[in-house]
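In the two complexes below, subunit A is the common chain; its partner is subunit B in one and subunit C in the other.
Let's turn to the complex of A and B:
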């Protein structure tokens, strides 16, 4: 589905955001049409467990169930309605708004080419039941959900971190997790390799990739005006350029020195 | 006995022979820089291009080896994640002395645009680096120039010094 096009020719002249507090547009929720295939899907889930809400969003059915009923609902959809494939599974952070996560299961019926989403709300520190017995693809997806969002999964065969290292602290895709990492994350590799006592020697991370200290001759040299390593600061601003040398002036033992006169430069391609 | 002692520094004795050995050793080292294949991200594509026939690393004697035991040079090509930092240190430690490191590209130099919790902000936080190579990603010519600069650096070094531990940061 494509994003609606907004003309951008005049974009330099006006401010990007006119709204001070931008509110994300809500995708309209339409009722499930009577007698459609989606209505039968909803009926099948209703027979198995309690359905909190069911609506159509962007032409796809969304069924909201209780978090305890997730396996029952998916089982009904898989066995009675032919939703054989779990294409996606994850959680959305609503900790600040509602104190929990919205876990969604995106299903696909391969024969009818229909997609459907089952959602449930899980409070923080509560767990969902694993759907791994129904769908094998849930194995890694649930590990990823645990790893990045911190939603626990009951009866998972091997609930271990998938993406972050095993000894990581925190769940990085939560909205409360800072993008540049907490203290643990910022010192992770130093603590692990050299130990905590090396923190003072190595120093904190420099998070400004545009920062250049031209007087730091230990690490960098001004391009075209190179000075010896560790040279004093007053040498840095020297005016004369350092010629780019591919080899030492006097040449290298047993190695032919490239001379511009003897080399042939092709002026055009064949 | 004392009057027969040779003052080597004055009369051009042993040190002259030693510098020649230095030169031969360094000539050998600088022209057979076997690099560890260390492609971590998109810079690896440029590194592979430098190794392939058009840019041809072989004429510098740089051959990629898949084992740290056989490598002298580690070209860190790409983004180093925090999960991987432990392994890059281990592989660096497994390389035999003398060894050199080229940090290739913005991500390896400073973390680049990945100013996040999961990226090491510069490989020099973990292993000592001899040469920083800017660019995103650097072209194969740039990597060739870096290797040539490193060769010049090796030729300037004394060959039989016990390599003093390099500065960590």
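Let's turn to the complex of A and C:
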């Protein structure tokens, strides 16, 4: 029997069925209208560096530039066109299709309430220049991008992992990184606390402290099926149902059965 | 170099034994005033902070990764867990982003819009009350905490009556809302909204002219306009620097262009100015809610957008029409397939600009989803505003920036 083929370059979840004739529609990429504010934004970038593509998608301008021109483009937009806030910066993993990342810079002009996105393509193992001197918000965003996507940033003042631990291996948001984590991630705590040699002793079934063993009688009371603590697993299944009663007949005075006629139900709080 | 894998504290670039008299202390991640899992490494000269390094990631759950492995409707309840103080704002931000990706934003029925705007504003009040309560507690005003939680409880009762949940609401769906308002809910809301301004006045009487409160807040944690712009600060932090920018006004979504409300602004830039903004914003939210109550009755009882390609038909259709049932089956098991493209949609959450960037490749799973959470930047700015202030002000500044770690670490 042959194992089914699973692509290794993208291990994220896939649709289990797609019609053979399905062609995904595209959101139209409209040309930038002449004389609009967006056209002036594009002109300002064109003056500073090469613009590969510029279009409007769902009302927002998208400008494609070369990855080495990112600082030049953002500088032109900030200083000439008033885009003084970098609201978001991150990357999209296209390693499988195109061998690189699309880095996007989401800019906002506060005075005109206008947003645009500058995008550039960075090949794997290439770096982008930091935009930290222009926008301080790039400080953490670039660290996060490096941490989770593995896009290197040149001349960043403190390029260190932001979210994952310092000694982490791999970049979790890449498409090659499985959702449940790779081997390093799954054994991280065990390796760190007990050392690698403890992997065999602990074993994969005890690796996860959140794992629940349904026959564990040490840690879990089995409501309605109580057995003595630490009872062997065979006993659990055979255990008969132990009905729970909250009120003993002639029991303690304060623990009484609820009688509907003697109790008052508030229809409203306060 | 220390051994990093032996569970001993490991501080990169930090020396503990130094010639100068600086002391390095570790704040958090388990600290009641850190408002979550914030670890701050502070370098002190006497009581003055020389350097502050925020360390985050203790609440990282990989939500962006999870989004890539979930269909769009599946991910919506996960967004609750970002800013868990005001969960509906996140639900709404995500739903709006997907709606804009699908191009069905204007097909959402008007009643759904009214209900959504109501929920958003109730969540804003809940969030602001929670902020005031915990911030006042941090600074030392215990009774304000109790009063605010009383009021917040009533607002959460409203949310509970509507959707059954108090904290993680999931009260918005892509394309509308799941439920109409229950009987008597509008009356309860009107009562809450009418009483809220006098309650806010009570808090102000306790705090605004309080000598201790003013001493602890005035001139503390000053963020000027340039720094706020540069760090991408939004929400009350940006408006406290004199920049009047509220996404509800500038880039209106939902019904905000029809509603009358003011955007409070101050140019002090300090914690006290922000406190005043929060109080005024709650009043404006009450004002918005009052207008929405009047708008509700004029709407048709339709709750979900009619876009059979993307959104399941109403229950009656599913139960009576074969094709609707088939479509519903496909939408539930496989999920909707948005067109290829990308959107970035900002909304004004109680904490600032909450944006969702979605890159779709025509699959039922988003190819990339990036959450632009306001607290992320409001936490990053700590490394620039803490140096120069005193150790006693750290808790005030952290509390005042209104950061919540669910959305910083995601």
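The rule we apply is simple: the second predicted complex is superposed on the first by the 193 of 270 C-alpha atoms of A that agree within 3 Å, B and C clash if a C-alpha of one lies under 4 Å from a C-alpha of the other, contacts with A are read in each partner's own complex, and residues count from 1 in each chain.
Following the convention adopted for this analysis, a residue touches a chain if its C-beta (ideal position, glycine included) is under 8 Å from a C-beta of that chain, and two chains touch if they have at least 3 such contacts.
Since we're looking at a predicted model, the values are computed, not measured.
Within the superposed three-chain model, A:172 lies in touch with subunit B and with subunit C [touch as defined at top]. Of the two partner chains placed by the overlay, neither subunit B nor subunit C lies in contact with A:67. When the two complexes are superposed, the chain touching more residues of subunit A, out of subunit B and subunit C, is C. In the superposed model, A:201 makes contact with subunit B only, not with subunit C. Legend: residue contacts after superposition of the two complexes on their common chain; A:193 is shown touching both subunit B and subunit C. Legend: residue contacts after superposition of the two complexes on their common chain; A:164 is shown touching both subunit B and subunit C.
Once the two complexes are overlaid on the shared chain, A:185 sits against subunit B while remaining clear of subunit C. In the superposition on chain A, A:85 makes contact with subunit C only, not with subunit B. Contact with neither subunit B nor subunit C is seen for A:109 once the two complexes are overlaid on the shared chain. Once the two complexes are laid over each other on the shared chain, residue contacts for A:130 go to neither subunit B nor subunit C. Residues 164-165, 172, 177, 179, 192-193 of subunit A lie in contact with subunit B in one complex and with subunit C in the other.
Those residues of subunit A lying in contact with subunit C across their complex are 12-17, 22, 24-27, 29, 57-58, 60, 62, 84-88, 90, 92-93, 104, 106, 110, 113, 115, 117, 135-137, 139-140, 148, 160, 162-167, 172-173, 175, 177, 179, 191-193, 195, 269-270. The touching residues of subunit A, when paired with subunit B in their complex, are 164-165, 172, 177-182, 185-186, 188-190, 192-194, 198, 201-203, 205-207, 209, 218-220, 245-248, 252-255. Against subunit A, the residues of subunit B that register as touching in their complex are 23-24, 27, 30-31, 82-83, 85-86, 89, 106, 110-113, 115-118, 120-122, 124-126, 132, 145, 148, 152, 155, 167-169.
On the subunit C side of its complex with subunit A, the touching residues are 4-5, 7, 10, 12, 56-57, 60, 62, 64-66, 68-70, 100-101, 103, 154, 157, 227, 229-232, 234, 243, 245, 250-251, 334-335, 337, 339-344, 346, 353, 355, 357, 359, 361-365, 367-368, 370, 372, 376-377, 380-381, 384, 409.
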